[in-house]
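Multiple structures are listed underneath, in structure tokens.
You will see two complexes here that share chain A, one where it goes with chain B and one where it goes with chain C.
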Partner chain A sequence: MELKAGYLPGIKADNVDWQTLTYDRGGQAIDVSVPLLSEEQMKDLSARIKEASQQYLKSLTVSDITATIDAAVARLLDRKDTYRQQSEEYLPLITGYDAEMIRLGLTGYLKNFRQPELRRFIAEDFMNPKILDEFQPLPKGGYGKAYGPDLIAHIWAGNVPGLPLWSLISGLLVKAGNIGKVASAEPLMASWFARLIAEIDPELGKCLAVVWWKGGDVDQEQALLNQADLVVAYGNNDTLQQIRDRTPITTRCLTYSHKVSFGMISRAALDTGKAWEVAHQAAYDIVRYDQQGCYSPHVFFIEQGGAVTPQEFAQFIANELDCFEEKFPRRALTIEEAGDVAAWRQSEEMKSFSEGNAAIMSGASGAWIVAYSEAEEDLVPSGLNRTAKIIAVNQLDDVPARIAPYKAFLQTVGIAGPPEELHRLAGLLGAVGVTRISALEHMTSPEAGWHHDGRFNLLDLVTMTEVERSAETAAEAYSNYVD
Partner chain B sequence: MNFDGKIIVVTGSSRGIGAAIAKAFASEGATVIVNYVQNASAANGIVTACKEAGGDAIAIQADVTSGEQIQALVDQTLMDFAKIDVVVNNAFKPYTFDPDNRKQFADLDWQDYQGQLDGALFSTYTMCQTVLPALKKRTQGSIINIASDLVARPTIPYHDYTTAKSALIGFSRNLAAELGPLGIRVNCVAPGLVYPTDASRQTKERIKEMIIAQTPMRRIASPEDVTGPVMFLASDWSRFMTGQTLYVDGGLVMK
Partner chain C sequence: MTEAQIVEALLDFIATDGASDDEFNALALQIFAYQFENNAPYQRFCRQRERTPRTAQNWRDIPAVPINGYKDLTLSCCDPKNAERTFMTSGTTKDGVRGKCHHPTLSVYDTSMVTAFRQRFMQEHNKLRMGILFPTEETMPNSSLAHYLALALSEFGTEGSCYLLSENGLDSDLLFAELDRAEKTGEPYALLGASFSFVHVMDEMERLGKIVSLPEGSRILDTGGFKGQSRELELNAFYDLLESRLGVPRKQCINMYGMTELSTEFYDWGNPTCPSVKSGPHWIRSQIVNPLTGEELPKGDKGVLAHCDLAHFNCVSSILTEDAGIEVDNGFLLLGRAEGAEAKGCSMAVDEFLKAAQG
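Presenting the complex of A and B:
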């Protein structure tokens, strides 16, 4: 079985150099052909997308665009649709993630892009969404209109299936042409989405493309970066630094780097009735996509003094991870990933020798590891792939000071605690750089319109053209009705 | 547990729980009769898996609601292997466990009940009638009937299905009482919701989460969870147990 990734409007498949990527993580080997454009082709493609964006996309209203995206997403949600069916069939084989986890994950994720959610998305960044369609009065006086760039270059990561849709859809909503470079780890979902858009609105289909090159291929990357008006890139700090260095100085470059997220459990959530439910939710956040997301928790801080002790809570989480292994088995690890898990375990074991109550728990299958500690430990990323550190603390209020040194890496905190504590902690956490606070069980599914890493998904993409009050006033002097 | 040389018939074993049971017996050295009614390629896949697991297997097509076809299955098994040690009555009439779209009592007609009684009880009755002469001849054997924990706790009232499974337990106890003196044991295994199987695929996450929250072991059964108790009841380790029902549902039902 061979699948084709990529979406290249206006380029004949025969004129493209195709490479084959072989995947063997889901128990059945599968080949995916990915397109490798020449520099000239990349340049031509960029020019065409820019032109289509100027001529067609910019003439649509935001409502037109949301309607098309909604129609595409509706098909991806419809389990009878062939796109949905191939997503359910092939994404597990490509990524190795459990098929059920992907099926449920896709539905939960795609629901964020239905029309009401898209409107929420826009309203979150634009007080008056019509500012994307036409000049609107500004509170300070004068008029303004928000313009999306003609071409956004997206350089995506492949850690979680479907993730490229966030930035691709954001680009479309601000009427930008888009060329997205998919990661080898998951090249299909963005390609299918682009094809779906083209099926629903062929003209809109000319305003986006999905390309590929081997990570680190400087020439390919440079060819796209040179053409883009704006770059949105995801990856580790080294990769992002290189992309930023190669982006022309006049082109804005938005980067989303690796983050660390964690959970906090108040003693109020640790009574005998609620503790299990909380552990169930925490374990779900660990299990979902095997901690590959920036919002996935690595550590849980557990407050002492509840009816269920932090140590017992760690045991609850361990048992929940064991249960989830039955429901959503962890994917087969690569050698590197298995090495990371082993190294983390070893380092946790070393630490545990010097600490009386420390414990390492793991399943018979080795598919999860929980390390428990009562020591004053720093926030260290876990070994990923269902490895988590449970740290007992006297009080949750002590945690922000401990994590403050890691400001640049902090993202989501899942909190289980009463309202007054939630709001007090939110203030303390926000001050040290945390950008998102969610309930447990929701850490890995941000709500529609969330501010990724605290930034504005749409607002960051546009430029404003303002007609200042002075221009309006001055124009009056030249009107034919001037007295 | 060693089932070397044992001949095990598992009805409805091309998929779901039956397939897991077939493979589990094979992995302990048994020869398994993989019975199926429609999907020959799935059944052949299970036969291959059984052989790879270290046992032996053959696939035999037979609709368990047909006396003639069951007779043919038993005849062929006895012709090939000369004996039968264990029968697992696992097949049932296709039923979709969809809590949101289940029929309410007022919507059920007797045919619904009759269909389930035929699928669960008549098929087991027929299989037992057919296979017993061979078991009696050797005054040994173990019959295991797959029921459901819904019998004890109708979390969702699937009337027709659960009523038939309740009858199956009563049937098994009577047969156990009669066959005990002949050294033949009859027991039931009553799983909770088993996921994933073709029958349970329509069960929504919400229902699964509700059951999980009430289940002490905090998860839903997988087909493999059912295999251990079935093999236990098939083996000499349970040689003094008959007429029993083992609930395999993580403690949802405690009896």
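Presenting the complex of A and C:
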């Protein structure tokens, strides 16, 4: 079977320049064809998507749209469905992640997009969801309606399967036309989702497209940026800076940069009965998608004074990582990734030579690495791919000051601690830039309707048209019932 | 073994025509035992890697220290105060901290250099008139390359060989006088120096519209890459330029690959095609490894170069470089510095974080 990525409504496959990407993550090699549009084709596609969005999508109610998305997601959750089956078959080969981890991950993730959750999504951002369908009274007076853009350009990054669906579905919910550029690291999931939508509602299928170009290909990117009404881009700071610089000044550009997340374990969670379970949960967050997510933890701050010492707890995590390696083995690393992990281990090793209680624990062939330290260390990312730093602290309240300098890079904190501590720490962490606090074991699966990097997934996409009170009042003067 | 015994064994080893696997192994393991015993930080490193002279059966078993280790650890069997010479790394990474390689005696380094240089660069010549495109040893006493080139000049340069860099940079008058002289007399000429200095020479010649054709037998030795000291040139373009501006065929343009953390250099047999095959003399061996596991990769796979240089007896013989390479017949291809992985997910990588955090 030939695997084709991309989804291009209105363009004949024969008229497109297809390129082949080869994936060989230590198992079976696999080829995927990806479409490379000409600038002219990109322009035409944009125009058609815009028109379809104006003519059709804008005429649907939000309920119509959620029903279609729900139907598509239901199929992706159904293990008898061909889309689901190909996801389970091919995504492990493309990304290298363990097949069972992907299967479980997809189910957990896609559940967030069933109809009740989609409603939650909308309710998070719009007190009155009908404001997306028709003018609604506003609390300040007058009326307002929220309009999604005619064309959102999504520039996706990353190899975590399914992540593009967040912004693609957000775009659909606000009735925007969408063209998404998939990353070479995982080009399939968004393409399949678009085709599914088109199967369920062919007219809606004309309102979205999935394209590809090689990262850094300026001409392709510029062609899309010029046409978009709104740009949503993911990537590292350099990439995002370039995209923002190339986005026309009248087009809004929403950027999501790489982030660092970490965990905090209170001494209250470190009694001999609970500590193993806490370590298991922490290890799970490390293992899931090999720390490739912005919500994946790099560091754990462990409070001293519990029955289990931070050093013992580091051993617990190491042990749990070793067990997970049996269950969900880490994907095969490229030589470059192996180099990064090795460099991190080397630098931790060097530090450990000069610090009394520091220790490095490692799985066979470096399948996971835990570095333990009692020094006053700052927050620094780990080497990724199942490497974590465990830092002992006198008290968790000291941590916010240590991470404060890195405000721009912070995202999720997983906390294991009692309620009063959770709420106190939440206040301190929020003040230094943390945008999400979750339980351990949930760091990598944000709940439906979460505010990615603290922003509003839907509200950030729309513009409001307001009819002010004055217009209403003035209109009265011209009515046929005026006295 | 004592230091004196190691030195004596090494000088004998270098003087032979070659070495079998067993002979190389035997000396490598003796030197490992010597370093393990006399170099406490290295011993700690080996114990961390769960390797001691008892458990090492083969030179491949000797733990290779990442070259960054030189910046954090004092890796020397002799007291650094007693070293005849200390070479320092260029300090381009890691907060400008420079790694130090102490040499209790330069006799092994010099013998290693002279022996291999004669075979690989001089070839049919005993002496050549030389021009050096690098500062003198006096100007840069901690540079192993300055010492290397000084040695080339004193051992193999004819009278009249000279340095072509002055305090103000390239002495183009002297350079062009030398090139013109070679052209006129027909005496083969050797130009040696840092790769980036050659770029400066090429740029200057282009500015002046100058082209020379050095006599047959002339040769060039460049080393070290461009390192941001000149514009970056693709290797084929670089050697094309040398050939067209200086009239030295690419086959006679030898690239030397060496580093402060070694006492032996690698050479290619000219650069008619790039990347060229590099190899070293019989007292150094290399592996292409996975940098994380240290495991040797199958021939043809890209990995990171690890070297075991017996001549670097006082520090550590086995090092893990940051250079990418591929094993081929009769040597390896050097593919430049091993780059970090491009972030695949949305999780931040160390390099990016440090760059961003420093603003």
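We take it that the second predicted complex is superposed on the first by the 480 of 483 C-alpha atoms of A that agree within 3 Å, B and C clash if a C-alpha of one lies under 4 Å from a C-alpha of the other, contacts with A are read in each partner's own complex, and residues count from 1 in each chain.
The rule we apply is simple: a residue touches a chain if its C-beta (ideal position, glycine included) is under 8 Å from a C-beta of that chain, and two chains touch if they have at least 3 such contacts.
Bear in mind the structure is a predicted one, so any value in this text is a computation, not a measurement.
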| item | value |
| --- | --- |
| Fit or clash between chain C and chain B when superposed on chain A | fit |
| Partner chain(s) touched by A:A157 [first = chain B, second = chain C, both, neither] | second |
| Contacts of A:E326 with chain B and chain C, given as first, second, both or neither | first |
| Vertex chain A, arms to chain B and chain C (CA centres, degrees, nearest 10) | 80 |
| Partner chain(s) touched by A:H258 [first = chain B, second = chain C, both, neither] | second |
| Which of chain B and chain C A:E376 touches, first, second, both or neither | neither |
| First, second, both or neither for A:Q292, with chain B first and chain C second | second |
| Contacts of A:E100 with chain B and chain C, given as first, second, both or neither | first |
| First (chain B), second (chain C), both or neither touched by A:D31 | neither |
| Which partner reaches more residues of chain A (counting touched residues only), chain B or chain C | C |
| Shortest CA-CA distance between chain B and chain C [superposed frame, angstrom] | 17 |
| Chain A to chain B touching residues, read off their complex | 100, 104, 276-277, 280, 319-320, 323-324, 326-327 |
| Chain C-touching residues of chain A, taken from the complex the two chains share | 157-160, 163, 185, 234, 236-237, 256, 258-261, 289, 291-294, 296, 298, 333-347, 349-350, 352-353, 360, 365-366, 380-384, 405-406, 408-409 |
| Chain C to chain A touching residues, read off their complex | 41, 44-45, 48, 66, 68-69, 72-73, 290-293, 295, 301-304, 322, 324, 338-350, 352-354, 356-357 |
| Chain A-facing residues of chain B, complex | 195-196, 205, 212-213, 217-220, 222, 225 |
